[in-house]
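I have a structure I would like to understand better, so I am pasting it below and will then ask my questions one at a time.
The first chain written gets the first letter, and so on, giving A, B, C and D; residue counts start at 1 in each chain.
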Amino acid sequence: MAELTSLPEAVAALVRDGDAVAMEGFTHLIPFAAGHEILRQGRGDLELIRMTPDILYDQMIGLGAARKLVFSYGGNPGVGGLHRFRDAVEHDWPRPIELEEHSHAGMANRYAAGAARMPCAIMRGYLGTDLAAIAPVAPMTCPFTGEQLIAVPALRPAVSVVHAQEADRAGNVQLWGIPGVQKEAVLAADRALVTVERIVDELTPRPGGVVIPGWVIDAVAEAPGGSRPSYSLGITDRDNEFYRFWDKLSRDRDEFTAWMREHVLDRARDAV
Amino acid sequence: MSAASANGAATAGEVQTVVAARRLRDATSVFIGVGRPSTAAILARMVHNPGLVLVYESGTIGAKPYHVPLSIGDGELAQTADAIVSVPEMFNYWIGTGRVQVAFLGAAQVDRHANLNSTVIGDYEHPRTRLPGAGGAPEIAGFCREVVVIATHSTRTFVSKLDFRTTVGHGDDPADRTRLGLRGLGPTAVITDLAVLEPDPDTCELTLTALHPGVGVGEVREATGWDLAVASTVAHTPPPTDEELTALRELLNR
Amino acid sequence: MAELTSLPEAVAALVRDGDAVAMEGFTHLIPFAAGHEILRQGRGDLELIRMTPDILYDQMIGLGAARKLVFSYGGNPGVGGLHRFRDAVEHDWPRPIELEEHSHAGMANRYAAGAARMPCAIMRGYLGTDLAAIAPVAPMTCPFTGEQLIAVPALRPAVSVVHAQEADRAGNVQLWGIPGVQKEAVLAADRALVTVERIVDELTPRPGGVVIPGWVIDAVAEAPGGSRPSYSLGITDRDNEFYRFWDKLSRDRDEFTAWMREHVLDRARDAV
Amino acid sequence: MSAASANGAATAGEVQTVVAARRLRDATSVFIGVGRPSTAAILARMVHNPGLVLVYESGTIGAKPYHVPLSIGDGELAQTADAIVSVPEMFNYWIGTGRVQVAFLGAAQVDRHANLNSTVIGDYEHPRTRLPGAGGAPEIAGFCREVVVIATHSTRTFVSKLDFRTTVGHGDDPADRTRLGLRGLGPTAVITDLAVLEPDPDTCELTLTALHPGVGVGEVREATGWDLAVASTVAHTPPPTDEELTALRELLNR
């Protein structure tokens, strides 16, 4: 059953050095506040898993918190590249980073297999690409048609972190809008932390609402504005200007570090 | 059709967008990422094909954006969609099945068989430039019914050999897609800011088939990193109409 | 793009003798009106596919419309057996019927594979049961862990028929309440027919609403009350008394036949 | 606890339901079909464990029915559920993963290792009685954390050899579940209208461990189609309390 707790307590209880951590949210509902709290608590040596690393993982990689990145698209959506990610890969700054990369379809199927506690998923893809040589995939033959398929290994994060619009006092969570792979990420993980815009007495079912029952979640923490500069549909708007600003700021190591210190590390919590 | 005039001559980028939008005149559905492909698809809905179904990999099916979205997950896409699905469902039930008719894809490198690189420039282990990576491209190109590549024409992009093959276009020869189990037609056109290239029906090698207004064959060949084949008859892209250009500029100013 | 048409026209256009027909709806939203129209039009030699045959397939089997049944649970939920189904299997009346049976999990994964146009799905199950000997399943080994898994072949009905609460004039369909495998059944089929309680000018997104876009549906036909004695949440109630009544009526071949003639075959359409 | 009195003595069926409900006192979640298992689980929510999460294979998670549903898809289940999921999701993400703690299952035949038949009586190709079939049982029994079988005690049901093995309980020996990749504990109890049988920790053979009020060892052994083992100490089921019986009768009269 989910415990309602503060974000610092939830992170302290659930995220450990060296963990494989999946923080999901497909453009929408990216759990920035939780990621920043992980940085403030100095967690390191993490295996960061996320289909689209986005600015959040750019920040975590830039501060050296990640030893490995598992991903499928490391760009700043609609803007360009992620400069801290590039700097880590191209110049090992601030530390070398191991990459495990897939296609979106591969990552999505890997999460779905993890949520089903299956060891792998089968799909079509990878064949004929150079991804097949660098990603941990394996050929598989359909026993009925003989067609050659591809197996991808399940993703089983030690801890998954997602952000949602609301939770009730029993820790049942509801999110709406673009659902991404958040449910799969929560169900694939050994431990799950959900931050929410607000705690309500009772969840009112919403169009497009995805409910994750509290009994498969370990901790729920209130974090209003906790997906900024991403957004929580109906509550906050995507800060497209910040995504453009980040493209400039993050090109410079010192400016990046100073900004992170001032806006993330030296604060007790994220400003809202 | 009369050429645009009211708002000044069309730029090469505007021509590219307009040509891409025309390609969707009779399409039922199009899969798009952000940037020029998204602009072209929204423009197509405005001027050619109001019933066109826009599908974004974020999970929105039938989105009707008024603005050009910055990201594929902008709120407006979710709020105007006919249906929103999870990412696993998007790839398994919608992309992987060939339900979507046309896909627009970009890339950092394109080779002569329309294979695409969006992973690295240089060596994979020690890249000169680390690019974002595959995203949805490999399966989108593999399984949507046809693919239109949108790219800026230069020898940096149109290369004789990819540094990394992220996405199979036509592979190494015309039998490759079938051999690899890829089900769509693959790339049927590459629309650049200078011209349109289409795969030769026999060899699948990209061939210059249309020149945008004011562009010559030599200019296109110089901007291509291999010895570009030229069709026996090269068409001339009709310039953007007033309606197209006005709508495009209005869209980008919203 | 879905054509809005009458139910008789839709059935005439989409359902052919000998077809593999899936009519889904898990307890909820069972497409009775469409099934009855198929019977009225005299379609025969069908391969009927459905997780839970329920009273609808009991009726179709009892009238001899099916040469084969693909299913996972052939009972009258909460009441007992299906007597026409039993009579066909036990006594070949009114004709012999071929069975292909699975577990629910197997059928659900087969539909999901069909919706994804994959040739098969992998799962855990069947091993150690006598089902493994009679169902078309095959062993498969995970290439990463060596675990023995089971592959089930995709379901690809020639035509799928489902019932939903509403559709708009472009044929976009919305259903809510228990969603079952209806979306998968529609997406797995070559042709799809959806009956709806009502046509509306515009679909209003609902909590729990599942929208199936009109461009993957062939025909939408209005059929108010078309899921009775099953139900359409929020519009009609499940007629539990009819399920109990059926248990008595259907024990007798003649009473069954007379009832079907009077209430289904000799009517122009279902009474509502 | 005082024995029931106010409304007359408990029937054997009522005792069975009450005993099943008690088994859910500390459970977080239970998977149930219709009939007595469903009644027992709703009773458990009324008198023992108001937070108990009811999961039905129709896709409703956390249903809070006021009435005993006739079918697993009754509207009341959908209207009171915390979440409703598709059938593929129910089996893949919820049942197959061991997230559900206890599953209640019925069957037409039960053997000494708690394997179940719900497919046919007689030969499969030419059955004497065609039963409904597997439904969700094989995977429910395979993967929920533990299984409680609810069955009426008679030699018709408790047989030395199943006519068809629909569902693996403990297979042929204690190593079978592991060998077959089944992940839950399997059946931990069979609750009948006469008694409780539990698998022997070493052999997994069902053993009489508790007698319901007024029932003797001989009666149970006579109603069992094999030479039923009896535990060295056989417990006596505490009779239904007033509270349990009143709640059960109220529930069935709603």
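Quick note on the criterion: a contact is a pair of C-beta atoms (placed from the backbone, for glycine too) under 8 Å apart; a residue touches a chain by one contact, two chains touch by 3 or more.
The structure displayed is predicted, hence computed values, not measured ones.
Distance from chain B peaks, on a Cα-centroid basis, for D. Look at where the CA atoms of chain A average out and do the same for chain C: the two points lie 39 Å apart.
Averaged C-alpha coordinates give centres for chain B and chain D that are 58 Å from one another. Among the residues of chain D, those touching two or more other chains are numbered 92, 96. Listed for chain C are residues 112, 118, 123-124, 147, 183-184, 208, each touching two or more other chains. Contact between chains, using the touch rule, shows up for A-B, A-C, A-D, B-C, C-D. Contact residues on chain C toward chain A in their complex (touch as defined above): 118-124, 136, 138-140, 142-145, 147, 149, 151, 153, 205-209. Of all residues in chain B, those touching chain A in their complex are 34-35, 57-60, 69-75, 77-79, 84-88, 90-92, 95-96, 119, 124, 127-139, 142-143, 164-168, 171, 176, 180-183. Put simply, chain A touches chain B in their complex at residues 26-28, 51-52, 71-75, 77-79, 81-82, 85-86, 89-90, 101-105, 108-109, 111-112, 123-131, 134, 147-149, 177-181, 183-184, 208, 231, 233, 237-238, 240, 243. Those residues of chain A whose C-beta lies close enough to touch chain D in the complex are 1, 112, 115-118, 172, 183-184, 187, 211-213, 215-216. Against chain C, in their complex, chain B makes its touches with residues 28-29, 53, 61-62, 82-83, 92-93, 96-99.
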